[in-house]
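Consider the two complexes below, in which subunit A is the common component and subunit B and subunit C are the respective partners.
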Partner chain A sequence: MSKTITIDPVTRIEGHSKITIHLDDKGKVEEARFHVTQFRGFEKFTEGRPFYEMPAITARICGICPISHMLASAKAGDELLAVRIPPAAERLRRVLHMGQTVQSHALSFFHLSSPDLLLGMDADPVERHILGLAARHPDLARDGVWLRMYGQQIIEHLAGKRIHPAWAVPGGVSRPLSSESRDQILEQTPRAFDIAQRALDLFLSVIEKFEPEIETFANFPTLFFSQVTRNGELELYDGPLRITDAKRKIVADHIDPSSYDEHIGEASVPWSYLKAPFYRPMGYPDGIYRVGPLARLNNADRCGTPRADAALEAFRALAKGAVLSSFYYHHARLIEILYALEQIEALLKHPDILSPRVRAAAEPNRTDGVGVAEAPRGTLIHHYRINDDGQITWANLIVATGHNNLAMNRGITQAAKKFVKGSSLKEGALNRVEAVIRCYDPCLSCSTHALGQMALRVQLMDREGHVLDEQKRV
Partner chain B sequence: MKESIKLTINEQALTAKPGQTILDVAWANDIDIPRLCYLKGLSGVGACRLCMVEVRGVPRLLAACVARVTDGMEVITDSPKLKSYRKMVLELLLAERNHICAFCVASGNCELQDLAQSLGVTHVRYPYRFPNFKVDASHDRFVHDPNRCVLCTRCLRTCEEIEGARTWNVRGRGIHSVMITDLNQPWGESPTCTTCGKCVQACPTGALVEKGRATGEMTRTGNLLPKLTSMRESGR
Partner chain C sequence: MTADTVIIGLGNLYLRDEGVGVRVVRALSERGGLPEGVETLDLGTGGLTVLHALNGRRRAVIVDCAMMGEAPGAWRRFGPDEVQSRKVTMRYSLHEGDLMQTLELARKLGECPADVRIIGIQPERVEPGEELSPALQERFEEYVRAVAEEAG
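Presenting the complex of A and B:
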């Protein structure tokens, strides 16, 4: 009799979801599905709102990366105004975005994933979280908390508060940077570099213990999708889009972000509120691609900053073509922290950074605007249409976790086939299936949740939906 | 008619002129009474019910902005009962429309928000109605969002009593009331609006704002209208 194992909710990710593992008649894993069980509706209820409000409205999509939404939205607003924002405003937005990248990557690595990496996939779930980590590796836990604080403080210095600030606006930013804030951020940056480097060294020292996970954590060929600079370097704020294949060959390059919909299609699946984007020329579901740190490093020719480029060498050595195992998202994330810190330092030392000219004023001059930025988890697309009065008539948002939807489903199927045997519900096996999802650091368009407070429910069900077995952990 | 009236407010003995409202006298003596629809320089309408006070011997609460003082009146402006009613009034206002400070352009410069904070409104006990009024952004310089309106009619009174244009009106009754321009025409097509912007200055919330302002950017010069009125009166 075929059965279904349900992991509900998935823990240590941002948002609400569950995983179902479907067993065939012989008790072998046939397929695993990642269900996003929350519904938001931002694209619909923003209709009629003045577009100037969109950065603040869409920032509320998420408590982890509100900055990315605010910036993608403000960039779509720049397009609607048809202005080029002042250079200081662009630099300030970039600093803000790098602060966001550092804090979000630090949260993903230290708070959410390092308990798996350092305490082990099979460790007791009662201890396998940030507090358990703090008991066993207090210095590392302290580093994680400090690095996240550093990123959050950058956001506060620039935008006024750490979560959900309203600072980036169509045409630029609402306030310039003070010299005191700049000096305070620069003063703390050396410590941030030390922590980032230590975390990278630590990751490289433990990675050989995870060979089975590396082999089976969404380790398969896909396309990779991200922004790059015009000369092919790593880019997180603004640039043309690039698509490469599993051999790191360029499939499409120099794509104007405003023409994203010529390349990306969106499919809906009946079992999830998360749409499943695909690469149009290859169709659904063959046009599977990944976004985020792994995709960005596979896509970029180089980082363009010395410390990140030095760290990139070890990453490049992992594979002849593209690095395919999603386990290496962690590795890529740590390299990106170094890159972000180098960017912060360089941008803040620019002589123009304190300029009071930070906003271009204009009335709407276009009725269609696309804003694209590389959020910590991958490419984020905001696309708005407005009427002549500047009110939203249509909105489309494609978030990073959406891009990765097809790859996450294939990834958990791969891991479930390897680690889930028959109908036995082993804790470590289920944690590995969850950990595949955690590699992508999915942000299910949600606010933060208290860690360790979400119960995990695992159900074993037959085809008719009768519960055959159940396990709970708190 | 007597030349002066003796009364007490919060047991403080005060003297007032005949015809003054309780709010006028309280104001002159630095006694704060919460208010929303009242704006110095405009006629009082007693619409918001936040300035309600207790008067000894009167079985109901009175709106201080319209109740005239009388000789021997004993007024209480703050009591547990008044606090509870004022909170209730604010909660009803918040539940009636979509007052979402998170992305409101008036956040940080909003009298409704200030009152909710100062009166300790941490929760709304009534079900939200979530109306879906159409935002009117047809005017070149201003935006009217009825979803953020508290129906204080300050805009109407400002337009009528200070500017003399009478662009603003109220359509409908009770909870279905909504502010309209002229004969329910788009604001941008109003034949009477002079684009003076005084209604936008008078609005206590984010219902009337300047176009192009992003979240939290709508600032107001708080005493512009009272100044205008007093300058006009002194020039007469």
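Presenting the complex of A and C:
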């Protein structure tokens, strides 16, 4: 008789979904599936809205990366207006985006991942979370909170105190930066560098303990997909798309982001509302690709900033071609924090940064607009169509967790095959399967566009659908 | 200078009753008349941002939609410890579940105000949309008064 395993809430990530682990007739893991069970109601909800309200509305999709949605949406709005935004506005949007990147990556590393890394994959789940970490390594927890706050304060300086600001608007931004804000951010930046560097050193000092995880945490060849600068450097705000393969060979380059749908297809899988995008020329499922920090560092020729480039050397040394294990998403995230801090410093020191000219005024001049940015978790695409009154008639959002859907499924299958034995779920095995998902740091609320935040479920069942094991963690 | 008391509204404005906490805080802020040293913050679904907003305060009042097994529109006032002891857990979404964890983390880091009060409002409908359901709309003024009293 064949069997399937089900586990309950995956702790510490948002979203209401489920992992099922399916056993074959001999009781060995055959496949694992990542189910997301919410409708994508969001696009429908936006129909009829004025397009200029979209940055503020989409920023409320999710509390984790509101800024990425706001910026992708404002960029789609720039396209609808058919304007080039003022240079100071672009710099300020970049600073904002880097602030978001720092706060999100800090949250991911310190709050979601470091409990696994420092307390161990087999640690008691009662302890293995940020509170346990705060008890055992209070300085590290404090570092994490401080770095997150630093990123959050940048957002507040620029966009105001509320969590979901409507500061980025089609045509630019609504308010320039004050010199006091600039100085305060710059004053805090050295401490942020210290914390980021310490976190990277810490990561490098513990990774040798995780060889089995590195080996099996979604460690397989795929394509990698991200924006890069025009000269091939790391880019998070605006640039052409590049696709590389497992050998780091460029498969497609200089792709205009607005032509994304010529390159990406979206397959539907029967077990999930989350669609499964693939690279069209290779078809489904061979066109599997990954986005996010790992993909960005594999794709970029270099970071283009000195500290991040120095840190990139060790990352490059991990593999001859692309770094393939998703375990290294953590590593890539820490390098990107350094990069983001260097960007913040350079942008804020630019002589034009306090310019009051930050918004281009125009009426809509196009009916179709695409905005693309690299959200912390990967490429974020907002695509809108409007009528003559500027109301949304159609919207399409492709988010990082969607792009990574196929790779997450294949990744949990790989880890389950290695760690899940027999017809019950041992804590350490369960946590490792979940930890594969955490590598991608998925944000299920925005991937399902459900406008809320949900909890993930996991199950172990047999082929007839009998639940063999279920573990609840609340 | 950080205000002595902070009123934090949580929730998602585009999920009907889920956004009630944000609406209450917005109403308080728009109407004005709060005593000096009281600040209102709409933190949406900001999760851990609550932690930064608590630091340096003497008192925090947090208002949020909460699944408490009460009749729709009913509200309850409780402290973080009561949630554990009476098992009024809020598991519908992360920012709720996370709230208790965030408060505990704030304590562990020594950044939690001595006085934390939570106003939980039982939702009727949590689904895409912007209108509060009638059960909550009817009692909205009651929520606003209750929160203002806690902060007074």
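Brief remarks follow.
One rule holds in what follows: the second predicted complex is superposed on the first by the 443 of 474 C-alpha atoms of A that agree within 3 Å, B and C clash if a C-alpha of one lies under 4 Å from a C-alpha of the other, contacts with A are read in each partner's own complex, and residues count from 1 in each chain.
We adopt the following convention: a contact is a pair of C-beta atoms (placed from the backbone, for glycine too) under 8 Å apart; a residue touches a chain by one contact, two chains touch by 3 or more.
Worth saying up front: this structure is predicted, and the values here are computed from it rather than measured.
Look at A:60: by the touch rule set out above, it reaches both subunit B and subunit C.
In the superposition on chain A, contact of A:197 is made with neither subunit B nor subunit C. When the two complexes are overlaid, the chain among subunit B and subunit C that reaches more residues of subunit A is C. In the superposition on chain A, A:258 contacts neither subunit B nor subunit C. Once the two complexes are laid over each other on the shared chain, residue contacts for A:169 go to subunit B alone; subunit C is not touched. Judged by the touch definition given at the top, the superposed model places A:149 against subunit C, while subunit B stays out of reach. By the document's definition of touching, of the two partners only subunit C reaches A:138; subunit B does not.
The residues of subunit A shared by its contacts with subunit B and with subunit C are 57, 60, 164.
Taken together, the subunit A residues at the contact with subunit B in this complex read 48-50, 52-53, 55-57, 60, 164, 166, 169-170, 174, 361, 363, 389-391.
Listing the residues of subunit A that touch subunit C in their complex gives 14, 41-42, 45, 57, 60, 62-64, 66, 107, 111, 129-131, 134-135, 138, 141-142, 145, 148-149, 152, 161-164, 445, 451-455, 474.
Of all the residues in subunit C, the ones that touch subunit A in their complex are 12-15, 18, 41-49, 51-52, 89, 91, 93-95, 97, 101, 104-105, 108-109, 126, 128. The touching residues of subunit B, counted against subunit A in their complex, run 102-103, 105, 107, 134-135, 137-138, 143, 188, 211-217.
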